[in-house]
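Note that chain A is present in both complexes that follow, paired respectively with chain B and with chain C.
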Partner chain A sequence: MRAFNAELSKLFSLPGIWLAFLIGAFAPVFIASMDSIAQKEEIIAGVSTRLPEVGYIGLALGVQGVIILGVLAVSSEYLAESSESGGGQQITTSLTVVSSRLHFLLAKAGAVTVISILLSVVAIITTLSATHLVLGEYTPAFDWLKLIGAVLYWTFTALLAFGITVLTKNGIIPLAVLIINTSVVSFSFLLSKVTKLALYLPDRAGAEMFMFTSDRFLTPFTGGLVMFAWVVVLFIAAAIVFHRRDVAS
Partner chain B sequence: MSVPSSRKITQILRAELDKLVTLPLTWLTLIVTFILNLLLAAAFTSAGLQGAAGTQSILKIGLASMGYLQAGFIILGILATCSEYTGGQIRTTLTTVPWRGLQLSTKYLALAIITIPAAFIIAASGVLYAFIRMRDTAVVIEIDTMIKTLVGATGYLTLTTLLSAAIGALLRRTTPAIVVLLSYYFIVSPLSRDFLPSIKNYFPDTAGYYMYMPPSSDEINVLTPMQGTGISMLWTLIFITVAIVFYRKRDA
Partner chain C sequence: MLTINNLVKHRGNQEILSGISFKARPGRVTGFLGPNGAGKSSTLRILLGLDRATSGSALINGKPFAELHNPLATVGAALDGFGAHRMRTGRAHLRWIARAAGLSRSRVEEVLEIVGLTNAAGKRVGNYSLGMGRRLGIAAALLGDPKILVLDEPVNGLDPEGIRWIRTFLRERAQSGNTVLLSSHLMGELAETVDDVVIIKHGKIVADGTLEEVTGNHHTLEDAFFALTSEHTGDVV
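Showing the complex of A and B:
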C-alpha cells in the first residue's frame, strides 16, 4: 500500500503529466462536440448513419491521455538525469526502496489503473454533457454498458502502453506507435484489409466494447475479453523481462 | 574571435553534422522508418492488386504510406533538437558556439542535409516496390511525372522534419513535442478536414499533401503543387523564425 501511494505521488509530480490530464480530459469533449456540430443537421433530419457513435468517437480518439500516462509512468523511471547532476536513473532509487520487482511493477500498474479510471470518468462526464449541450433533445440515450466499456477501454489501453514501455524502456517508440494507432485510419484497420486476424488486435477488439455498431465482428463482451487477454499476456511478458533484466543495462 | 566567417560557418556545420550523425537514435529512426515503409508499401500494393487490373496508379499506391512515413521524420526532427537538452549538452554547444541564431540555423541546415537523401531513398523505395509488383497490371507512368512526384515527396518530408525540429526547439522536451506533433498530424488534422473544409488547405500538412499527390480527375485539386509548396514552406519558416527568436532570448 505504501508502494502504491509512492507511485501515485511520483505520477502526480511528473513534469509531463499535465499534458496527459489536459488531453485526457479535454480532447474527447472537443472531438465529440465538433463531431456533433458537424452531424447535427443530419441527426435532426433523421438520416445520420452514425447516430450510435455520437459522443463515443471522442472517447475512442481521446485515449491518448492515458497512453501518455502509461508510457510516462515507466519511461520517466529510465530517463537518465543530466550529467551535471550525476547521470542517475530513478529506477535504481525506486528498486532500492521497493526491492521486490513484482511488487514495484504491481504498485505502478495499480497507480496507472486508478488514474486512468478517474480520467476516463471525467472524460465521459464532460463528453456526455457537451453532447447534450450541442444536440439537445436529439441526443441518443447513452447505454451504461457501453460507458463501462469505454472506461475499460481506456484502462486497458493505459496498461498496454505501460507494458510496452517496460519492454522498450524508452518512451518514444510506444508513444509514436500507439498515438498513430489511435488515428482514424489505424494500423489494425489497414491490416484487417489484408487478414481477418487483425480484428483480434487489442485496439480494434477493445473498441468493439463501445463502437462499431454497424459492422460488428466480435460481441462487446468477447471484444473486452480479447483486449484483456492482450493486457494480461503483455503484463506477464513485461513482468518476466523486468524481473530478469539488469537495471543498469 | 578571429576566425573568418565563412570558415566559421563550415566549422559549425561540420560540428552539427557530427552531432546528428553520431546520435544512435537518428539511424535507428531512419532504419525503422525504411523497414516499416516497405512493409506498408507491401500491404498497400497487395490491397491494390486485388482491384481491377489496369486502373491502379503506381504512384498513388507507392506513396499511400506517406501518411505513416512522416511520423518517422517528425521523430527525427524532434530528436535533432531535443537531444541537446537531455543531458545539458546545450551548454557545451553554446560555450563553443556562442552565436545562437547562427548555431540553430546551421542545425536546421545540417538536418536538411541528412533528411533530403534519406527522404528520397525511403519515398522512392516505396514507389519502386509498387512498381516491381504491379508492372504488368497498372497504368504505365512516365518517368518525369515519377521524378516530379518523388521530388515533391522529398520536399514535403524535409519541410515536415524542419517544422518538427522547430517545435522541438520551442518545447525542449521530447515527450511533449512528440505528443503534440503526432496528435496534430494523425488525429487533429484528419478530423479537421471534415469539420473545417474551407480552411483545411492552408494547414501545413494538407498543403504539403499537394506537393506529392499526382493530380487525378476524380478529386478536386484545389492547390497546385507550387502553391502547396509555398504554403508549407511558409509554415516551416514561421516556426523556424519563432524558434530562433525564442532561442536567442531564453535562458538555456
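Showing the complex of A and C:
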C-alpha cells in the first residue's frame, strides 16, 4: 500500500501527467461534440447510420490520454539525467526504496489503473453531457454496460502501454505506435483485411465492448475477455523481464 | 554490517568481478577504492539488489537486499547521478520516497535541513547544480535514518565546502555506531575520512585493511594506491 501511495505521488508530481489528464478529459468530449454536430441533421431526420456510435466515438479516440499515462509511468523511471550529473536514473532510487521488484511493478500498475478509471469516468461524464447539449432530445440512450466497457477499454489500454514500456524502457516507441494506432491508422484494422485473426488483437477485441462495428466478430463480453488476456500475458512477460534485468544494463 | 562474499559478475563475455570478498563494519567508515571501471559501482549495485550476481553473495545485516522488510530504514544509498526525475522538485522527489517508506512529511523537511537544501527544495531537479544533486541523493539516503549508508563517489562534484561537510558528516555517522561504505577514486579526500580501506583493481581485491595497514610503508594512501593498482605493481614497490 505504501508503494502504491508512492507511485500515485510520483505520477501526480510529474508535469507531463497533466498533459495526459488534459487529453483524457477533453479529447473525447471534443471529438464527440464535433461528430454530433456533423451528424445532427441526419439524426434528427432519422436517417443516421451511425447512431449507435454517437458519443462513443469520442471515447474510442480519446483513449490517448491514458496511453500517455501508462507510458509515462514507466518511461519517467528510465529517463536519463544529464551526463553532467552522472547520468543517473530514477529507477535506481525506486528500487532501493521498494525491495521487491514485483511489488514495485504491481504498485505502479495499480496507480495507473486507478487513475485510468477516474479519467475515463470524467471523460464519460463530459462526453455524455456534451452530446446531450448538442443533440438535446435526439440523444440516443446510453447503455450502462457499454459505458463500463469504455472504462475497461481505457484501463486495459493504459496497462498495455505500461507493459510495453516496461519491455522497451523507453517511451518514444510505444507512444508513437500506440498513438498512431488509435488515431491515424489502426494496424489491427489493416491486418484484419488480411486475416481474421487480427480481430483478436487487443485494441480491436477491446473496442467490441462499447463500439458498434459493422462486422461484429466477438460479443462485447468475449471482446473484453480477449483484451484482458492480452493485458495479463503482457504483464507477466514484463514482470519476468523486469525481475531478471540488471538495472545498470 | 555489510558482507561481500566471493562475488562474481559476468556481463557478456567479460568478467567484471572475479570473486571479491570484504566487510564493512559498524562504527567505521569503509572506503572502497579503485580506478574507473575496476568494479566499484557494480559491487554496490549488486549489494543494493539493482544488478544480479553471477555467483557469490552480498549481504546487508546477513540478508540479501531483496529480503529486507523496510529497506529505507536499514540501508540508505546514493548511487551515480541524482536518482531523481529532472521535472520534479527536490521536495516532491523526497516526498514520494517518504511515502514509500511510510515516513512523515516533516521528516522530508528535516533531511532537507541536514543537507542544506531547504532553500532549493522548490526548484526542479533539472536546474540543480552537481553539488545540489549529490546533496539531494544523500538526503534521500538519510530519510529512513538507516544504520547503514552506501554512497557511490559522494564527493564527486562537491565544492570544497561540500566535501568538508560530507567528511564531517560521515565521521559523525560512524562515531555513533553506523556503518558507512563509500566508493571513490579521490585518494586525498578519502584518506581523511575513512577508517578501513578496500582496494579493487580489474575486479579483484588487491588490499583490505585499516587505513594504516593499507598505507603501510608508503608515504600516503595515494602512494599505496598507485603501488597496488598500477600495471607494473612489482616495479613500483
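Quick note on the criterion: the second predicted complex is superposed on the first by the 245 of 249 C-alpha atoms of A that agree within 3 Å, B and C clash if a C-alpha of one lies under 4 Å from a C-alpha of the other, contacts with A are read in each partner's own complex, and residues count from 1 in each chain.
We take it that a contact is a pair of C-beta atoms (placed from the backbone, for glycine too) under 8 Å apart; a residue touches a chain by one contact, two chains touch by 3 or more.
Note that the coordinates shown come from a computational prediction; the quantities given were computed from them, not determined experimentally.
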| request: State whether chain B and chain C clash or fit side by side on chain A once the two structures are superposed. | output: fit
| message | With both complexes overlaid on chain A, does A:179 touch chain B (first), chain C (second), both or neither? | response | first
| message | With both complexes superposed on chain A, which partner does A:16 reach: first (chain B), second (chain C), both or neither? | response | both
| Vertex chain A; arms to chain B and chain C (CA centroids, nearest 10 degrees) | 90
| message | I'd like to know which partner A:246 touches here: chain B for first, chain C for second, both or neither. | response | second
| task | Have a look at where A:92 lands relative to chain B and chain C in the superposition and call it first, second, both or neither. | result | second
| Looking at the overlay, does A:136 come into contact with chain B only (first), chain C only (second), both, or neither? | neither
| message | Which partner chains sit in contact with A:5 here, chain B, chain C, both or neither? Use first/second/both/neither. | response | second
| query | Tell me, in angstrom, the smallest C-alpha to C-alpha distance between chain B and chain C in the overlaid model? | reply | 10
| field | Contacts on chain A seen with chain B and repeated with chain C across the two complexes | value | 15-16, 79, 82, 84, 87
| Once bound in the complex, which stretches of chain B touch chain A? | 25, 40, 43-44, 46-47, 67-68, 71, 75, 79, 86-88, 173-176, 178-179, 182-183, 186-187, 190-191, 194-195
| chain C-facing residues of chain A, complex | 2-3, 5-7, 9-10, 13-16, 76, 79, 81-82, 84-90, 92-93, 95-101, 244, 246-249
| request: Report the residues of chain C in contact with chain A in the complex, numbered from low to high. | output: 11, 41-42, 45, 48-52, 65-69, 71-72, 75, 77, 79-89, 92-93, 95-97, 99-102, 126, 128, 130, 133, 140, 153, 156-157
| query | Can you list the chain A residues touching chain B in their complex? | reply | 15-16, 19, 23, 27, 31, 34-35, 37-38, 61, 64, 68, 71-72, 75, 79-80, 82-84, 87, 171-172, 175-176, 179-180, 182-185, 187, 190-191, 193-194
